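Read through the structures below before going on.
Same chain, two partners: chain A is paired with chain B first, then with chain C.
What follows is the complex of A and B.
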């Protein structure tokens, strides 16, 4: 099922993560030089030719968002989003610590492409001190045409969702909002607003310097470029690694020290992702992961060891996600705890017949019924768990567990 | 069979009137934005909608049975053009007008997501015109208009709608004074940059 269409660029490769990692401006300029002068049309054209997609999870084409905000014809607002509330993800924190200048270069390109008058960095409190010092150095060097303001991202799962980001930058609690009007039309104070993940902006800064053709040398023709992956769970050296899309799962795990024990499955795409088999030849790409209801998303890869119960782990994550609800929408407030509790009953051998069907019924009931996709993502993860650990579901119903025995 | 259609036409007309009355009262209740008639708010909305759809079912039955009935001699054109009927054209024409208003209100409600709240609300206001027109049609056109029970039903309905209308126009009705403050999980509250 895998391997036949393996692209030459689909390998572990350090681009954003290459070179020194002190985060200092001098190091950055010595390595990459100043950004060439590009106009809005050139920036959007390069993003399009490179096939750059958002790295925050949704994977939306960046050039379309840029041109939509630019087409609004009013002064725009651009926001670099480093709020990764997900406990299993660390790539945005790492990028902000090691490569802040790439992010700010990309933010300035996005501001120029959209005609923005103000720019924001939305990041966890812990990261803002260092980021502020980098911005001071850049101001002294005359690098940032559009001034950048800092905004604290609350440490919460849904705080990085686009409309929650807009709410926080507007001075309100970072809760997701209804999508009656898209933020690209009316976001911060009614201005057309561009929210981009910090990794996306760093890639844009690289494309601005080295061009779309260079960018496309990594990844596959359908999904060009590299992505940052946070590899965790049962691996020897958990952490952030970089690879072209389509990289073999085995190569990605090897970049994080390799499996620390025999693996049962991997969670790809994070807590809103899905379980895929721990097949070393499985390409980490949208196309290859789709059959498992998963996607590379924001690059989280969590390895589940053979002796851990997949249902118990899925129930634990579902419980976490239920607790992380913003507390606005009924299906999320009431539905997610019910799903999590029902799945926990199944995982903890408090089984009664009809439990799996009840989980499925609840998952369908909450999907598409929140202001944001938090219920949908949670339902997707839970359904994926029931599929991936189907044999264990049957075992749990008769009081056994295949993994922990 | 002929008589069955005729009786059904009369009966369904009366049932439609009662249901439309319930719909208007519930609609005012739904607009109030609070619990009403001992029901939670979502139930008021749901019952308003379901009662309206049930009223439409009886209205369709009323019209179709009259179309098929050999005595009433209702024509298709009478459903579209008011005041040209064979029997009591004015009072029958009021029925046509009410039917078309109901159709407009139902269609715009089904398309509310597409046409937007403003256009939908404008058309929905026509309900206040539709209901008295329908009542007048029943009293002026109905075969049973001289019976005590039809008058009793009509007066009860009128009293209910009058009460709902008075509530709607009363000073206390206009908007809840305090919108429930928007509360979200505390962990999403903002902090200052340190």
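What follows is the complex of A and C.
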């Protein structure tokens, strides 16, 4: 079903994760050397030629964000975002532990490209101690032209959303804000602000050293480069792996030890993602996942074993997401718990006529109606669950379950 | 001239329902009384003929949650 031509770079390949994992500056410099001197135009041009996109989930072209912040013409603020509120994701924590210097190199490039005078690392409390020691070593080596301060990211799903990051760095609660004024125009203290995921910055540091052509040798022409994936669920060795975009799902799962049982489906793109078939030949790319309402997103891949009920799992995640609402926007506060409860009724055989249609109506009702995309992401997950487990929806309506019979 | 759009600040809106009363052509209410753009857009387009009513809705919103944007 997925016989599309396979790009040569769409394979499991360690780039960010290559080499020793002690996180030390000497190791980093022995491996990659110092960053070559690049000016703002060169950095933005390299990010554009490489086709680098954000690795935090939205996949926005990095060079466009860099140019927009630079074009504001005022001293900017840059923030490396390692808030990884999603329970199924661990790649940013791993990167910060194993390759902190790539992240800080990339943060300095972003600062130079945008004319920033201050830089921040926004990360969970547990990661800040080690990150602070790395920054001390870099300061002693004279590596960071723009000083970096540390900011605690609370452990909440929406705390990593761009405007929530800006709020936290500004000393307010880490909740998403209205988007009438964008943070690239007015973010921290009114300064044009760039928020970029830590993996994105690490890729930028690699591009700064090895160039756009090297970067594009991995991935596909449409989606160049590698990405970090957190592979979990029914696999033998769950964890963080790296591969070029377009990698076959089977190869990605094999890099995490392979399936530990027969699989029913995979959740791709995390809790705001979608369910895709557990087809080993399915390319993990935007184009191949789009028909399933999924996308590579921030690289979460969760394997669902054959004997687990997909509707129950989707309802469980929907319940979690409803709990994670920041509690600011009416449609989210009211709609998400209703969606989760309605889906739970279907999953737990408290069936009543019109239940699936009601879930669909509510999912569409909340979409696009919030300060952030939390309602949209939740709706996407729920709608994809109803599609992927369509046969089980019918079974549940008559009091049966195909997976757990 | 480019058509204006109605921006809703969802962090401010508390679902009092005045806007849906003043602009029934553009806004309905959802299950909980929060405005729902009839055209399904995040920022519904405001036809020129409805601009005066839209302005009234902006001015009268008790939560100051509405803006007319171009």
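The rule we apply is simple: the second predicted complex is superposed on the first by the 403 of 405 C-alpha atoms of A that agree within 3 Å, B and C clash if a C-alpha of one lies under 4 Å from a C-alpha of the other, contacts with A are read in each partner's own complex, and residues count from 1 in each chain.
Heads up, the rule we're going with is that a contact is a pair of C-beta atoms (placed from the backbone, for glycine too) under 8 Å apart; a residue touches a chain by one contact, two chains touch by 3 or more.
Keep in mind it's a predicted model, so treat the numbers as computed, not measured.
On the shared subunit chain A, the superposed partners chain B and chain C overlap sterically.
Contacts of A:365 after superposition: chain C is touched, whereas chain B is not reached. With both complexes superposed, B is the one of chain B and chain C in contact with more chain A residues. Once the two complexes are overlaid on the shared chain, A:328 sits against chain B and chain C alike. Of the two partner chains placed around the shared chain by superposition, neither chain B nor chain C is touched by A:47. By the touch criterion stated above, A:128 is placed in contact with chain B alone, chain C being left untouched. In the superposed model, A:110 lies in contact with neither chain B nor chain C. After overlaying the two complexes on the shared chain, residue contacts for A:340 are found with neither chain B nor chain C.
Contacts of A:178 after superposition on the shared chain: chain C is touched, whereas chain B is not.
Legend: residue contacts after superposition of the two complexes on their common chain; A:218 is shown touching neither chain B nor chain C. Annotation: chain B segment clashing with chain C after superposition, chosen from 6-14, 42-50 or 168-176, is 42-50. Residues 175, 328 of chain A lie at the contact with chain B in one complex and at the contact with chain C in the other. Within the complex, the chain A residues that touch chain B are 125, 128-129, 132, 150-152, 154-156, 158-159, 164, 168, 171-175, 324-328. Looking at the complex, you find that chain C touches chain A at residues 7-15, 30-34, 36, 40-42, 67, 69.
Per the touch definition, chain B reaches chain A in the complex via residues 182-185, 187-194. Taken in their complex, chain A has these residues touching chain C: 175-178, 180, 328-332, 334-335, 338, 365, 368-371.
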